[in-house]
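Listed below are the structures to be examined.
In what follows, subunit A forms one complex with subunit B and a second complex with subunit C.
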Partner chain A sequence: MRFKIPISISIVIGVGFIVLLGYFIDLPILVVMRQVLLQWAVALAAVALLVGLANLFNVHIRKVTERQKGAPYSLLLIVSLVITFGIGIIFGPTNEWSLWIFNNIQLPVESSLMGLLAVILVFASARILLRRVNLLSLVFLATVVVMLLGAAPILGFEIPGLHGSNGLRALIAQIPAVAGARGLLLGIGLGTIATGLRVLMGTDRPYGG
Partner chain B sequence: MNLGDLSLFDLVGVLVGFGLTLMVFSYIFGDNVLFRSALHIFVGVSAGYAAVVAIYNIIWPQLIAPLLFGTQSERLFVVIPVALAGLLLFKITARYSALGNLTVAYLLGVGMAVAVGGAIVGTIFPQVLASTNLFEFSAGERSDNLWQFVKGATILFGTVVTLIYFHYGIRASSEQRASFRSWTEPVAWMGQIFIAITFGTIFAGVYTAALTAFIERLNFIGDFLLPMIFNL
Partner chain C sequence: MSESLASGNILGLLFVLLFVGLIVFFAIGGRKKELQPTREISAFIRLRRVIALAVESGKRLHLTLGSGGISGKEGASAVVGLTVLERFARVASVSDRPPIATSGDGTLAILSQDTVRKTLKTFGAESQYDPGFGQLSGLTPMGYAAGNIPLYYDEQLAATVYAGHFGSELALMIDAASQNEVMTLAGSDNLPGQAILYATSEQPLIGEELYATGAYLKAGPMHLASLQAQDVLRWILVMAIIIGAGLKFLGIL
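This part shows the complex of A and B:
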């Protein structure tokens, strides 16, 4: 089994550098190779999704058969998964039965969860402010209040200095919020490059090498 | 929405959606059986539907169909991804799971290269360019240019101090927390202020979206219940 480590690393390095060079060097052969490798990766990512699905199924089947804690919930999950998968495979994802499941189960739960977030966020932010009041939490709260109040006229009335293109809301959104977001984005970008290069050079081996 | 005009097929759908909405909203009173049931049903349906879409839109047209019904060149083209897909399926078993590492390595190689390329082309270059563009002055009013300069300098300052906030002088260890160098500490504190303002702005945006979804759901519940109440 020893020979596997260099093979995995050489795949990562070889494939990674071809794709990366394809971004910056306008050589037709590199561009074509990059497109082919990306196309294969998309197909393999779809297969990886199926592997994840199989793993989810196995975990919950085990919970049900071993009557572990939360087994009834696992049973619900398995039943809904099997029915959706079965109907989808037989009739296709755009058939009216599949769309019925999507429109009447997935969409309502998704938008309800999103709606629930509005309630939970209020409770969570109130709890944080009660537990830890400092300058940063006050700045955060003040920004949230200004951004929410300034989002639209209140009962048709615009507060001078808050609303409008020269108001406080626009000023915050255009200057300090942009500065912070730019710093965060650059930080994330630099972090992504550092992590990516460590994997591409074989220093980090999250694929089990 | 008039329930009387709906077919049985649609009426059952509306009833199911209504029930699931109430089950999710029951979380307002605390974690409970109804909320957990709705979540598990949601996970099952989402996973099943995602798998179907992946099979119909990607796996069948890109891997299986060319292999079974394609020309000689099309078959040759998909030999490598089909072999890698086959190896990936070994990840399901605990015993032969290591065989799937080759495919995982391939996916990581491509994924990391795309992430690095995307970070350089899609984040670093545009953000640096946007920062330099802030100091491009027009041939207009002098006061406009002064305001533009103040704005650009503040954004540049905020960007730099935010970046400095993430720079620690000493690495964290089991005995010692990561800490700033003495000169960066006050600058990093200013960076925190900019981050707090940015997070406040993002929070307000997320809250507005969540509130919109909440109102849409309340509207749906109202549309369902009000006709029934007034028909009684």
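This part shows the complex of A and C:
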């Protein structure tokens, strides 16, 4: 019985092993190959960005031509995309026109979304007990309240035991928060390695092989 | 050769080799008997139910892959997301409402299109495929969130899965989903993102639970084998940390 491995899988596994070994073994040829392959990946990601933009354009053109729900917003997106892309291509990304668009349109819009985010998070924290009534939710909410109250003096007054370098806020931030974060990061690290190894072994194929 | 291998590198390489060995060991062991994940996670029970109901109710499933790329360390969480998308597309191949995947990165948009196309082709439903099933919704985190929000109002969605690299922008998307009574299941590889999803999502995946998704959605025996390898290595790391702390306390280290 002949065992066939598709070309795409062979390329992924081969390239993956070269890059992985290049991290651990300091052989000049491996290091050079790793750098070259990573540079190719960066170039391909840039091309993928253009393909993604073309996809975004197509999706919204279709919404406009088929007069789907929200078509005026799609038209606005297309016009904005064409103008921004055109100015970026013709004058460059650091030209005053490009910077004007960034500073006067994109930045204020994103800042307002950040403001909205603050309100949403306050409501979400308050609603957490409606969704999940358990000990962890209570601990979460209590911690949020302690951290917020301890962030700054209240009307100029510092509450003993809450504020200051020996207060409850500092204690939570320095010990349980750091310990919890490290535990989560270890789990994420192990999960990341496991996923990477499955791709290297050819069992996870997010690339059409 | 020995000069080119520093002690830290040797340890790293040994760790990876041990990981590979454990995955192979559990994969071979899994062939002899049907293995199951050791504990149930309520988010996955709910997700399996919603996937099944989505076909009957004629609603669409939505997956969003975050604004991280595939080439950095955020890539692993996006690969997990693509596994979920493949499961979604399998289920949707018997319905007339294929899933939609959105992302904040060009590479992920292409990979999500490819995943849906490949799965539909495997199940003989390639005619249903449309490049719009894998969309790039924005290139900055906030732009990406803003690009996702209209989906909750315009499409009839049964559930949204957030699997990838997310920051605080996640709250905007989950809030819009909740307002439209769309079930949300979220996992992120980013700590601030995890805090946000814990507060906002109906079904949060904390820590490494996101990486167990493939095993719980029965994406293949290797997913279960790698999950078991992760468990073993986690205990080894826990023991190493405790022993190291003890030795430090005793003044030996």
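Criterion: the second predicted complex is superposed on the first by the 201 of 209 C-alpha atoms of A that agree within 3 Å, B and C clash if a C-alpha of one lies under 4 Å from a C-alpha of the other, contacts with A are read in each partner's own complex, and residues count from 1 in each chain.
We take it that a residue touches a chain if its C-beta (ideal position, glycine included) is under 8 Å from a C-beta of that chain, and two chains touch if they have at least 3 such contacts.
Predicted model, so just to flag it, every value in this text is computed and none were measured.
Applying the touch criterion given at the start, work out whether A:59 contacts subunit B, subunit C, both or neither, answering first, second, both or neither.
In the superposition, A:59 contacts subunit C only.
For A:35, using the defined touch cut-off, is the partner it touches subunit B, subunit C, both, or neither? Pick first, second, both or neither.
So A:35 meets neither subunit B nor subunit C here.
For the three-chain arrangement built by superposition, which of subunit B and subunit C touches the greater number of subunit A residues?
The partner that reaches more residues of subunit A in the superposed model: B.
Is A:201 touching anything from subunit B or subunit C once the two structures are fitted on A? First, second, both or neither.
Only subunit C; A:201 stays clear of subunit B.
On the A-aligned overlay, A:116 touches which partner chain: subunit B = first, subunit C = second, or both, or neither?
both
So in the superposed three-chain picture, is A:178 touching just subunit B, just subunit C, both, or none of them (first/second/both/neither)?
first
First (subunit B), second (subunit C), both or neither: which does A:187 touch?
A:187 sits against subunit B and subunit C alike.
Go through the superposed model and pick first if A:95 touches only subunit B, second if only subunit C, both, or neither.
The answer is neither, since A:95 touches no partner chain.
Per the contact definition in the header, classify A:131: touching subunit B only (first), subunit C only (second), both, or neither.
second
Which parts of subunit A are in contact with subunit B and also with subunit C?
Common interface on subunit A, subunit B vs subunit C: 20, 23-24, 38, 41-42, 44-45, 47-51, 53, 55-56, 58, 73, 106, 109-110, 113-114, 116-117, 120-121, 125, 140, 181, 183-188, 190, 192-193, 195-197, 199, 206-208.
Which part of subunit A faces subunit B closely enough to touch in the complex?
1, 4, 7-9, 11-20, 23-24, 37-51, 53-56, 58, 73-74, 76-85, 88-89, 92-93, 98, 100-121, 125, 135-137, 139-144, 147-148, 151, 172-190, 192-193, 195-197, 199-200, 206-209
Touching subunit C in the complex: which residues of subunit A?
So the residues of subunit A touching subunit C come out as 20, 23-27, 38, 41-42, 44-45, 47-53, 55-56, 58-59, 62, 68-70, 73, 106, 109-110, 113-114, 116-117, 120-121, 123-125, 128, 131, 140, 181, 183-188, 190-199, 201, 203-204, 206-208.
So in the complex, the part of subunit C that touches subunit A is made up of which residues?
1, 3-6, 9-10, 12-13, 16, 19-20, 23, 69-71, 73, 76-80, 82-83, 105-107, 109-111, 113-115, 118, 131-132, 134-137, 139-140, 142-143, 145-146, 150, 153-154, 168-169, 171-172, 174-175, 189, 191, 194, 196, 198-200, 202, 206-208, 210-212, 214, 220, 222-223, 226-227, 229-230, 233-234, 237
For the complex, which residues does subunit B have touching subunit A?
9, 12-14, 16-18, 20-21, 24-25, 27-28, 36-59, 62-63, 80-81, 84-85, 88-89, 91-92, 98, 100-121, 123-124, 127-128, 130-131, 151, 154-163, 165-166, 191-211, 213-218, 220
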